[in-house]
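The structure's right below; bear with me while I get my questions together.
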C-alpha cells in the first residue's frame, strides 16, 4: 500500500507568526541553534492506489484543489510504501 | 547548512476530527482512493549546527520538550542538507 | 447467565482492586448478581459506582440543599436544572467540572469539558446560548501554571467558538493549592419552550434505542474512575484516557437533535458523558422504570477489535442515546443523515428492569439497571474538623505594618491576577454570538436579553476557596451570597443556582468535614436568599501527593430581569455623580486578597455574613435599580472598598473617571480600604437623586453612606485618618495590564 | 429586497443575520441550506460567520466546494449582491470570488472585540450611501482574519477603490494597535471588480441595535435600501 506524506508551508515572504513564536520559545528553552522556523501543515494519506505514478498524480491534484491554497501556500509530498 | 523537517501527528487511536473531515471532503470531490487521512503539524527548522548526529540529537530533544505534545502526539523528522 | 468471552481477563481480587471497588462493594456486586461478575460487568459496576457517577460520598449531604421553588420546573436528578422565566420560556442550566482531564492535557481536557456540558443542556430540549468558565490555577509565577492557564483558555476558546456557543463570563483565581490540580468548571445555559422539555427516561417496551453522533473509539476508557482518584507522579503518563473534542461534530449534533425533538417522536434522550454507553443506558432505564437491551455489534466504531468492555466504557465524545417511538427509526436516520451523523439502532426498551448487553449472539452483561444507578452505595463518611484550623483562624492580624504608600498598595492589588481585568481571557472567546449580550463580560454579572421575552437573564459564577479553607461554613454561605449580589448588581433578581463542588479526597475526615460545612453554609444561604439549587456536579479527589485543594464550591447564579432596561453595569457614567455605599464596613482582614498579596498570608477568619442583612442590601439595590435611580452598581468583593471604587472608575476600554471621597468612621485604614466585609454595594446616582436613594435605603433598613463624587483625574479615598491617592490613569494601567503581565501574554 | 442567508454545516451567524435583517430591519430573509442547488428569487445572498466544516484544514477551504457554491458564483457573475462576513469572507476568498486569503491572526489568538472601521470607498452598493472616511463601530470575532494578498493585488485593490473598510482608531487614524489581526494595509473588507460582492471580517449583524451598543451595522443595508427600492 502507498502512503503520501504531504507538507504544506506558507509561501516565502508571508509572515509566519507561529514559526517566529516557536523559534523564540525554543530559544527560551536554550535551543539557540535555530536560525529560522516555519510552521505548516502535514497531511498523511493512506491510498488504495498501488501504482506510484497514478498515486502521485492523484495526490498532486488533491493538493492543488483542496489541501493547499496556492495564494498563500506551497506544498510538497512524497510517497512511501507501507505494509 | 542543515534543515530539519519535523512532522507531528496525533497518536494512533486518538480521534483526528480534522483528518476525518478532510477525508470526507476529498471523497466528495471524487477522490475516493483515500483509505485514511490524518492531519498534523509540520515544522521546518533551519539549524546552525552542521554535524548531523548533533543536529539530530538537538531536534529530537526539541520535539520532546516543545514541538510535540507527548500526551497525544507522535513526531518524526528528517534532516536535509541545504545550501 | 452471561457468557465470559475467552479474551476477557479473569476477575481476580487484583482485577477487582484495580477497578477501584472495595471488598464490601464487590460483595454487594455478587449479592446483586447472585454470582461472580464477568469482566465486562465488573467494568460497568466500577464506573457506575465510582464517585464521579454515583456521588456515593456526597449524596447524603446534597440532600440537605433546598431544591424547590415556584419557578423550578426541574431540580436535581435530570441532566440539567430548569427554571421558568416567564413568557412561556425556560432557562436550562448546569455547571460541570473537567479538572482531572485538564491537568493531563489542558487544551483537550478543557475543550471536552465544554462539549460535555453543552450536551447536558440540549439533551433537555434547550438551545444552548451561553457558557461561563470558572477556573483555578497555581500562582502565575510558576511556568506550569501559565502553561495550564494558556492551554485551558485555548481549549475553551477553540471548542466554544467553533461550536457556536458564546462564552459570556466566568472567573479565575490563583492559589498554590491548585498548582498540581487546576479546576476547570464550565456552566452552560440554554433556552427552551417551557412546555417542550425532554427527559432522560427510557419508556415504552419495544421502543428502539438509537445511538447518534460520532463513532466509538478507545477514548477515555475509565475517565470516570480517573476522576475518582487522586493524582500521583504517574498521572501524567495516563495517556490513553485523553480525548480529543470535535466541536464541528457537536454543532451538527445540536442541530440534528433539536430538529429530531421538534418531530415529537422522542421518548427520552441522554448524552453519553462519563462512562459513556454504560451510564446513559442504565440511567435511562432506571429513571424510566424499564430495562434496556443493547447489541454491541451495532455500535458504530472507528477502531477495530474493540472488546465489549471497551465499547461499554469508552468515553468518546459527541454521542447521544435516544429512545424514540417505534416506527420513527427512518425519521431519525433521515435527520441525522442530513447532518452527516451516524444513527444506529443499538437496542430496545424492555420491561424487565435489566441492562442486558449482547455481543452478537451472546450475553456479556446482565445487571439490574436500578442497582447501577439509584442503587449505588452511599456513605456517610467520617467528618472531623481539622486540628490546624484554630491556629489559622486565630492568627493575629491586629498589627500589620502599613504599606509605604496606600495608592501603590491599591495599584498592586489592582494588578494582582486575581483582581486585574480578565479581558485577555474573554476576548479569546466569542461572547456576542446570538445578539443577546447586553452587558458584556467585565462587569459583576453578564446580562443577556432573551428574544421573545421582555426582560432577560443575569449570570455570575463565584466561589472563594480561601474563605472556605479558613471557614467552610461561612465560605459556603458567601459563595452563594456573592454570586447573588453580582446578579443583583446587574439589575436582576437571583432566582436559582447550579453548583460545582470541588474538594479533595473524601475518605479523609478533614476533607469530608469541609464538604459537609460548605454544603451546610450554601443551604442556609440558599434558603435565606430564596435561591434553590437546581443541580450541579461534585468533583472529589482533587489532590496530588496528599495535598488537597482549597475546598472550592463554585456557584453559578441565575438572575431574572423583568425589564431588560434594568440591565446595569459597574462603571461610573460621568463626572459629578454621587457615590454611595449600601451596607456596612467592619474591621475584617482575614482571608483577604490584601493580606495575601501584600503580606503573603492566607489566614484569619473570613468576613462574617449576616444573611438577613445580605438579603436587605440586595433588595434595596434592586429596588433602587428598578426605580431608575441607579447609574452604576458594583459589589465589593476581593480587594475591598478601595478596589471596588477603583473598578467603578475604570472601564474595560475608554477614559477612566476619577473619584474623590471618604469613608466615615474609626476603622483602621487597611480594614477600611481593603477589608472584605460582605453585603456591600457601591452605587452611583445623579446628584439630585441622593435623597431618594437615602430614603429608599432607610425603608429597607440598610445602612447607606455617602462616600463622595465622581470626576477628575485622581482617585482619592480617605478613611481611618489615612488618605489613599493615585492618578486614576495609573490605576487603570495597573488593572488593565496586570493580567497579561502575570500570564506573560504578549500585547495584541 | 429578499435576502438568502446560506447555512453551511458549522455556520452560526445565520440566525443573527436572519434576526437582524428580518426582525430588526423588516426585510424578507430566508435561510438556504448549503446542499441547495439554486438561489433563485433572492436579491442578496449572505454568507454568514461560523466554522463551516469546522474550518478544518483552512477556514472556508471545504465550504467552497458545497453544492450551493456554483449557484452562488453564477448569481455573483450576473451581478447579484453577495455579502460575506467573517467565515463568509473566508469562503468567498477560497472560492475565488474575492482575491487574497485570510491567515491566522498575528497574535495567534482568537479575537472577539469591538473595532472601528473607516469607510474607504463607495464602490459597492453596501457603502454607496455612506461618506468616505466615515467611522463605523462593529464587533469582530475570528481566529483567522489577517488579510493577505500579493503586492500587485494590493496595489490593484487600492487603485480601483476596492478596499472598502480599514481598521482604524476611534478617531479614524491608522495604527498597528488598531489592527486587531495584523491584516495587510489594515484591510477589513474588500469587494470584487464589479462591486457587487463584498467580504468583510467584522459582523454588521452584531451592530444593529442600540441595546447591543451600536447601530452602525445597519448602515450597510440601509444603503442598499436607498439604492434598490422595494
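The letters A, B, C and D name the chains in turn, as written, and every chain counts its residues from 1.
Basically, a contact is a pair of C-beta atoms (placed from the backbone, for glycine too) under 8 Å apart; a residue touches a chain by one contact, two chains touch by 3 or more.
Everything numeric here is computed off the predicted structure, so don't read it as measured data.
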Co-neighbours of chain C and chain B - touch as defined: D
Pair exhibiting more inter-chain C-beta contacts, B-D or A-D: A-D
Chain C and chain D: spacing of chain centres that average the CA atoms, whole Å: 36
Length of the line joining the C-alpha centres of chain A and chain B, rounded to whole Å: 8
Distance from chain D to chain A - Cα centre to Cα centre, in angstrom: 30
Chain B: positions in contact with at least two other chains: 17, 21-22, 25, 29, 39
Junction residues of chain D, two or more chains touched: 53-54, 56-57, 61-62, 65, 107
Per-residue overlap in chain C, given as positions that touch at least 2 other chains: 246, 248-249, 340
Pairs of chains found to touch, sorted by chain label: A-B, A-D, B-C, B-D, C-D
Touching residues on chain C, where the partner in the complex is chain B: 104-105, 108, 214, 217-219, 236, 239-240, 242-246, 248-249, 302-303, 316-317, 340
Residues of chain B touching chain A in the complex: 1, 5, 7-9, 19, 22, 25-26, 29, 31, 33-49, 55, 58, 61-62, 65-67
Chain C partner contacts - residues on chain D that touch it in the complex: 9-10, 12-13, 15-16, 19-20, 50-51, 53-56, 107, 109-114, 139, 141, 143, 177, 180, 203, 205-206, 208-209, 211-212
Residues of chain D that touch chain A when the two form their complex: 57-58, 61-62, 65, 93-94, 99-101, 103-104, 106-108, 148-150, 182
Contact set on chain A toward chain D in their complex: 10, 14-15, 17-18, 21, 41, 66-67, 69, 71-72
